[in-house]
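Below is one structure; the comments refer to it alone.
In this document, chain identifiers A, B, C and D correspond to the written order of the chains, with residue numbering beginning at 1 in each.
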């Protein structure tokens, strides 16, 4: 689960990582004028007597917010209202605006903690060149990034934080601030079962203070059962369908093509996705029907029917996810939902003979070859095109 | 011979009295696997399919020495169960659970590396040496997809493995040992770690890798070929060529991360090392045939 | 630092380890009647309407309290007062009585956690035969003791607690109680930086409950700086002198012989202790003067003068503990304290020439040979005997 | 030759800018030790006795490769400092601090064992190969107690070592390498672990152990002799024969624990293995002479 900037900063702040003082203005279902007024009020509160500059930051899961004009400075209340309106006018789905007091920045650093799957450890990456795209930096000037491996059992050692501080060229009080921050980020990462805990940029002020300029905190979905405080919300998803699918534990991604995929297993689903594209078709949605969800045929088909696809393509090749159970589910779903678009089935695996009988008796043709099924779906989509557009 | 598991491999099944454990133990036995004991705390003295159950792995192996363990254990208890098997001296472990916490996986893998143990999984169907042994969950209709043969297979996927392996069989080949390293972001064992064993296995004539976008396991395979650690023909299939960058479609592992992890980079690395890469499952058989033809003419 | 039973049980209870319900009756400087009355009152409170039996347990650092009559059952208030008086009458230094509600015992187990210095891990020892002297059991029937090693980085694993439970022959609900208790004992050991955390006996009741019948908790002295709640108190020491020495960080053990030792380093002090005994002398006290205490000559000598020794024997062979500093300290101490008994000095080490001048100028003979110094002290003690007895 | 440290050993001093660190570095240099760098966070760029100081061990060894480190670091920072030296690839470490937390010691020793590193200490004067190198704090008046020679010495004590070693010199011998394993309950390295190195050192003709009550290190030496891992003459002195059982007199390690740890058991074990045990320091010289005489007549 990927947290929004403001959520990650809340977690950071609780762990003792300094963040800018801020106010959150929620946007969902609200008028732009109302939002802009609240942003102005927040700017007033934060600016105080010295009328400090604030930053208005759109909260959404997207890289390059700065370049897209979704992060804007504002010198006073009026400007805060104006830039808020401009941000909202861009037409993105923005659940909230974060209004922060601007920081007097001397340098921007980079710091993150993630997992090294090969060496089986945790890895701090740090750079004296923060605020840039770290992946580009890694490609272009790998020497600009310091890497420190953390033994998952011994944990972070004091010398490792110091080593990073000196290698980043920090001095005096900034060294103590930095090692404390490294400790806090490690605690956040471990205690919240994170996949990634990133601060980019990490601001260094003239008086040696460090302040998190942004947050990127991804919680491991497999660990959510032992975490609290991380709830799925509508804001984390691009569409109502994707949110509904997530609540049911069904992996779902929305695209804008014609073929709804209901495929068993990430690997096979991804392969079918490729085959559709190779064949000149286009995908309406990716949906995993299989694994723990192989009983959920009706729910999966409902989700597919909620988007404007021209055809539903079902491809499975299951072992535990029994073909006969899945076929019966499909037949029942069709009876219940009466889909307004054709359904192509290519269901193989455990008990597939019985599955094929079930499909045939419901008037469905049980295909056996994945590529043939993909071709059939593409053809049907083309025929059906007029109807859906 | 086979790698990882053969007719001689003595297997303990952790979680044997559970629904899945009991079901697949029956099937494993039918497939020739030498299952010597089961483990479920609190159930010592019971039997499942005539296999005796013990409270703990140590108590099981004290009575029935074992080389390997397969775990039908929920994800949140996987770390403990793997440690228990390691503590009892077992050095080949297959854990099938889908949903093991990420940081647990880091710890399990680190421990396995330190102890020089092979832990395979999670989020996998397991390991099979068709006709010899099986640790995990492979289909009944095995002859169509898991016919015994000379192709070593390693995979990150489940259903896709059935799809691709059926193409191997359709092309006239079979499988020596299939290892499902699993679809997680931190596979407990990695493709390249098994290549030396496949290289040394006289019954493996070529290896097929079923990869996926994300991670660097396929690049490590390319490096192993370049470094001469693996010298037999190698064919790969990697799904996700048309997946949009940055979109998480399925497994946690399937995230394109910058310049690494993309299917393009993987294909380039493998082809540069001399491997053949299929763009669709049906192409796998053809590429295997070509690889063997070329190997013969050399 | 070795805690008393009641202190250890307080730590256990905070960690969730079940202990018998109890009342503590302090004894220091109080009349026996008063103590007995409070013990009776405690028995009344604990016994409740069902008039349950209580156990009165003398709190002191001594093995074999049961055999020595320092742990007694009492069926009612009157008996509680009576056994309390009998315990107090035995003449031991008893800082407190612990009055506990008696437990309905089905079996007595043994459980401890300590350090394996060779294999560098923590070790649980457990036995189905608790309530006995574990060291005798280890010698006589080692198979009766189960041993489980805990990796200091990975920590206790769930399977290890289960393994102990099954190996002890526990069943049903006792298994869950036991594994929870093992977890709690591990937390106590790690969180309090213990050298040893022992429960002997560990009571198993008829309904599968586990209750700590005793506690032995030793906190590592080197870790006290990072612990709180463990304070040195007078009750932990046999004598005022030993307590005073401990407050100054000076290792001190009281004996009942004639020669006060002031020796540098545990190894040399122990060796001089042997040499005194080999030579037919007797030791009045062991005191380490050296290491971090080499500046504390006067304080060390004061402590020696507080006991009734016949002679003070000073033996050092220091490197960092400079001989000249120690000699000057001795000379100053003698000038200040004007000891009423002879002082023998054998001070060697860094700057020993200057040390010897200092001693000579104060009228002390600087001996160079340890054995000779020991002989001299024994002789002087014999001469001085009449005076001190 | 010598074991652990000789003229070639390149040494980093952690905590060199402190009072003790600076003082003993001067003395180490005077004794021939090849001190290549010092480490004190925040003091990079300074020098002490012309030795350059660095912020971290890695920065020090990047500029000045080193084999060994000696730590003048307070007990509560010892674990971190040892890990730092290990992380920089150093595999011989001497830590002098008195008062390292017990559970820290367990962790340090476990890490050292896993990394196959030798960490010596704490609560020790350190290691000296007289005339060649020194890591720690040994006296100025060295000729009377630490004359170069052929006796390997291992000790758990400080002052007592001066006392006993002076007897070695008085008897006409000298020291090849002295290792103070230290007086703590968990010595980071143990007597028996160095015996194979002393066995292989051509300049060591016999070994002297200065033991004490508590623990099992002396029994492990006896076992190493019995197992043939050490075959040169071995003499031991063990103090505490008359210490009352159960009384803690000095070091945490000096607790008599049941049937093990008593001086009686140690003496019996050593003598049964063929070692000679002195009951007082002055007897050490005589026993060494006898051991050599017997070795010659054999």
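Please note the rule applied: contacts are C-beta pairs under 8 Å (C-beta built on N, C-alpha and C of every residue); 3 or more make two chains touch, one makes a residue touch a chain.
Fair warning: this is a prediction, and the values are worked out from it, not measured in the lab.
Distance between chain centres (mean CA atoms), chain A to chain B: 29 Å. Distance between chain centres (mean CA atoms), chain A to chain C: 58 Å.
Chain B and chain D, compared by their mean Cα positions, are separated by 49 Å. Annotation for chain D: residues 107 touch two or more other chains. In chain C, the residues touching two or more other chains are 151, 153-154.
Chain contact topology: the protein chains form a pattern that is neither a line, a ring, a star nor a complete graph. Remark: the chains found to touch one another pair up as A-B, A-C, A-D, B-C, C-D.
On chain C, the positions that touch chain B within their shared complex are 154, 157-160, 162-163, 166, 175. Interface residues of chain B facing chain A in the complex, by the touch rule stated above, are 20, 75-76, 98-103, 106-107, 109-110, 113, 125, 137-141, 155-163, 166, 183, 185-187, 190, 210, 212-213, 215-216, 220, 239-243, 246-252, 254, 257-259, 279-282. Those residues of chain B lying in contact with chain C across their complex are 41-42, 44, 55-59, 77, 80-81, 83-84, 87, 107, 111. Within the complex formed with chain D, the chain C residues making contact are 63, 115, 117-118, 120-122, 135-136, 138-139, 151-153, 190, 193, 195, 220-223, 225-226, 251, 253, 263-271, 273-275, 277-278, 286, 288, 290-292, 316-321, 348-350, 352, 370-371. Residues 151, 153-154 of chain A are the ones touching chain C in the complex.
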